[in-house]
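You will see two complexes here that share chain A, one where it goes with chain B and one where it goes with chain C.
Up next, the complex of A and B:
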């Protein structure tokens, strides 16, 4: 099997030895062979009669580690150094914790993570849902790298005409963004009914190769006033709006050189994310920085 | 590898690819372009990336004056490709360095021509010198330009006058690497055609043919059909041949990083030229009396493209008599071929207005500064109210035209002495529904009107005021009384009429340059800095325009300007170095 010349194998040990979500288990029929790619490597998946998955690297013909978690199939190409991300709210019984419909994107997964952090595009891309002109201002917010080595953006606020499927009318919504791993990001958003609690959306991004990814959303919404199909429908609507924009980004990989693009104050979280990637030498899906 | 080819002009689109407010995706030697025609006819050929996050501008929105990126709504001006607005930060004027890469464009023979780094002019083609040339449809071919050219020189076609015939002979008149001239003759009929090959990428091209003569009306469609059919057959032949050859790798054009501010300078502080420089030379292309006692001037550049401006921006004009005066640009969005200013004749002035009225004539050359914007316009208001008094219309006209073009809710209240005093009536007439004239009112009547205009403040409304000092004061006072919060009230004074007591002396500490200087009585901070070799950008130098602002890190300022709002003055965080002084013995400044 030959690889496209632009698509190299992954040389970042942190990524090779980590878990990546590669499929919504519900889409994998029992006793069928499925194929996907992870970090440029073709992978064969099989779900057995007891719903236990197995996986194989097709390039080397060897079995690799697989596990089911949060309704997704997770793989590790190398030697796992830690379990998949821990999500405490997934155990709360008053939440719908559902997979949100996986979506393939012809762009680096790092660009997809960065887009997920970005409030500035809401009025333009998610018009009438997550934002609406003329309410375009991104108020200042805080960004830090935590003791757990995660990127955390807090006190993020943005005006939304429809904050969620249950919300009526526009109001300022509060968000917290958290980047757990290079290809894993989540947001917490104030719940319109139980205002002291937050809904959460996790995005497990599968780096298919450097310029292709599959975004696997995992949603933990409070059940109050909303059903699971509506939660999924809203997520799919939002992602369908992002896809054509993301696929028109040039270059497709994320440049880590701070001079390559033009960040503004509203991009503080993305600036921090790019720097954090650079500082831990993540190169897969990125254009490394010369400085 | 393509350097030689990059110097040559190539067609990148057909004129018909640029219909009204469309954006076209062009490509040459692997380089993508966003190609769009503004309403004034200008054809823009730009790097196909928004500077912010690299989204293709060919999927952007052409509003006739600016190109708006889909992703975050950044706006780029016609001609300059400079960024004019960043919606995420509506209160800030974008730094002038945020400017996209532009490429030259020439429209000729029904084609749009460009090049990455052209050397010389686009040569005129003798056989196409008539006015009746007839461009054919472009034919995209999945094969390298060289291979296409090899086939094209043998292209056989019928002359337009004998389009149904089959006995024409074609003759190659001349050929080069990228074009060939052919003549087809059938009996008494003959047609000359020139074919250009646009190298799109290593393995992709477009054939663009132009006939020297436009066929008779009833023959246009048969002629187009004839060439479409034959060129399609030629394309299939070339593609067949190419498929048996080794496939070249696509060209990889270098994406140059923008010259924008680098981290951590991600704020909007525009690195303005130091001091009071006037690097631009402009010619007065038109001077006219736009109202009683108000002369208007169109200024066109004689030193290259005029820089990008935003509504609210002003320029310094250096006059023949040595004076320097500030004038607001009145231009609407994308009007980048000229700056238009207006000057009121003030008999009592220091001579600036008299010089502009009396001495400066059409054809004269003036030195001007680059535009500076200390009066930026928010475009995120649910309703914008403009209050203009007399010549104070100038910055507000630019603002109002901008909102009008985008269809944003606004009203422009224009207070003048009489109909004859209304400046730019022809422009105001085009947006009559947004303009309310208030004629010949006493100060009391004006105040009454203003109370009516400002009576129902709601959040996300914004007020912009410019006019004579007393009227401006009255407007600010009424807005305050009626509950307008200070950040919603934006104003610009023509001049500072405050009496400035400059008898104090104090010390300034420059935090970044690690210097300590003494400001003597009778000297300003700005002058003291200048004498010690530190050139801050400045413009009016009388505390009105806001150009020479600096941040205060320590110490208590004594404000003498009319630029800062009362709240800003109380907070003591910034001061105007041209007039303001210190109450404390020492100021620590962020310079």
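Up next, the complex of A and C:
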């Protein structure tokens, strides 16, 4: 099978040799057979009568390894250098740890990660939920690259009218953002009931090709006062508000040249993410920097 | 109070939320885990609607399925002006029913394309898009000629009807199924008019209208 001329094969070893979430197990079990692409490579997923999933590369006609984790099926096209991300809170029994409903997006997965980090758009895109005018200010926050080579943004605060399904009225919400891998991001957000603990939302982004992705959300919400369907409802409400915005971003790939777009101080985490990608020579889904 | 068995991203659920917002009817949404939970195919839901489809309402024990049927019911019961479902005029009522059927055709094409692209449904995507464009061309021409006669809405008369609300959501969400509305200027003007109906509310993927033309 030949690839679409616009869609190049991935030449980034870090991405080829890593695990990527490619399907929600619940959806896969219903469909039985699901065809998708990972890093431009067509793959066929199948769930057999013994409930075991298998994966096949359609271009080479060979079976490839898969693992199930966090309710998703994960594939690696090369030789895995490490397991899928470790999520300690997924083992806490007082949390709903559920898949949030995978949604396909016609935009680079790197753009999707970057949008996830951005607080500036809350009042305009998530109006009356995650933000409301005139509370548009993004207060200064800290961003760093950690010893584990992750991007970490801390002390992020924002005024939110309905920060979560259990929120009663607006409050200043505290966020921590963490980019674990080029296509994996998560946020920790103060729980409105148990204010000393945080809910977490992971986004495992499947690079379908350079300009298409699937966002696979994984949610770890404290059970206190909320049921799992409501957790999913809120995630999909918010994410579907982002979808048309993301799909209309141009260019569809993420520009890594520092001169390509004009950031403001609120974009500090995005600037750090782009630089971090550049320094690791991640080019798939990006427009590489000229310098 | 009316219970609406609801899924946030469903255009067919949205059109009921929209009519109830416009009419000022209070309701209690019951979130159904449509995706990825497939709760609309679960035994408890199939008892409400054996077709396994959203939306369904429960109005004080009266259970009704089908978005278009529910629009008719709600308008007949809660709109004392009888403008949204104009039972007084046979001609107008005929037009309303005609466009309600058209709304179902939009669902099986434009909405199906959106489910294919966004949520991995196995549909023939080219057939969905071709079908939607055929309908949009018919809709656009109808609206264009209507505007020429001074009609703002799908049916003749000066007031919008449930037919406008029935057709609106999956037209406005069509880009999510890869169906551009660039070639349908009259559709774009009509969707803006719908968005300016007092009481209009949004859903994810549908934005409010920009500032309108100044009225004097």
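Going forward, the second predicted complex is superposed on the first by the 288 of 291 C-alpha atoms of A that agree within 3 Å, B and C clash if a C-alpha of one lies under 4 Å from a C-alpha of the other, contacts with A are read in each partner's own complex, and residues count from 1 in each chain.
We take it that a contact is a pair of C-beta atoms (placed from the backbone, for glycine too) under 8 Å apart; a residue touches a chain by one contact, two chains touch by 3 or more.
Owing to the predicted nature of the structure, the values given are computational and were not obtained by experimental measurement.
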Check your understanding: Between chain B and chain C, positioned on chain A by superposition, is the outcome a clash or a fit?
Key -> fit
Practice item. May I ask you to decide whether A:26 touches chain B, chain C, both, or neither, giving the answer as first, second, both or neither? Key: second
Practice item. Return first, second, both or neither, reflecting whether A:120 touches chain B, chain C, both chains, or no partner chain. Key: first
Check your understanding: Does the superposition put A:148 against chain B (first), chain C (second), both, or neither?
Key -> neither
Review point. When the two structures are overlaid on chain A, which partner does A:135 contact: first (chain B), second (chain C), both, or neither?
Key: first
Check your understanding: What is the contact status of A:86 with respect to chain B (first) and chain C (second): first, second, both, or neither?
Key -> neither
Review point. At the Cα centre of chain A, what angle separates the centres of chain B and chain C, to the nearest 10 degrees?
Key: 70
**Study point:** Touching partner for A:265 - first (chain B), second (chain C), both, neither
**Key:** first
Point to revise | chain B versus chain C as contact partner of A:99, first or second or both or neither | key: second
Revision key, fill the gap. Across the superposed arrangement, the tightest C-alpha approach of chain B to chain C, in Å, is 5
**Study point:** Intersection of chain A interface sets (partners chain B, chain C)
**Key:** 244
Review point. What residues of chain A sit close enough to touch chain C in their complex?
Key: 24, 26-27, 30-31, 34, 36, 99, 101-104, 106, 228-230, 232-233, 236-241, 243-244, 247
Practice item. Over in the complex, which chain A residues touch chain B? Could you list them? Key: 5, 120-121, 123-125, 133-138, 244-245, 248-251, 255, 257-267, 271
Review point. In their complex, what parts of chain C are in touch with chain A?
Key: 8-9, 31-33, 35-39, 117-120, 122, 175-176, 178, 204-205, 207
**Study point:** chain A partner contacts - residues on chain B that touch it in the complex
**Key:** 32, 48-49, 51-56, 59, 70-73, 86-91, 98, 249, 255, 257-258, 260-263, 266-268, 379-382, 408, 460
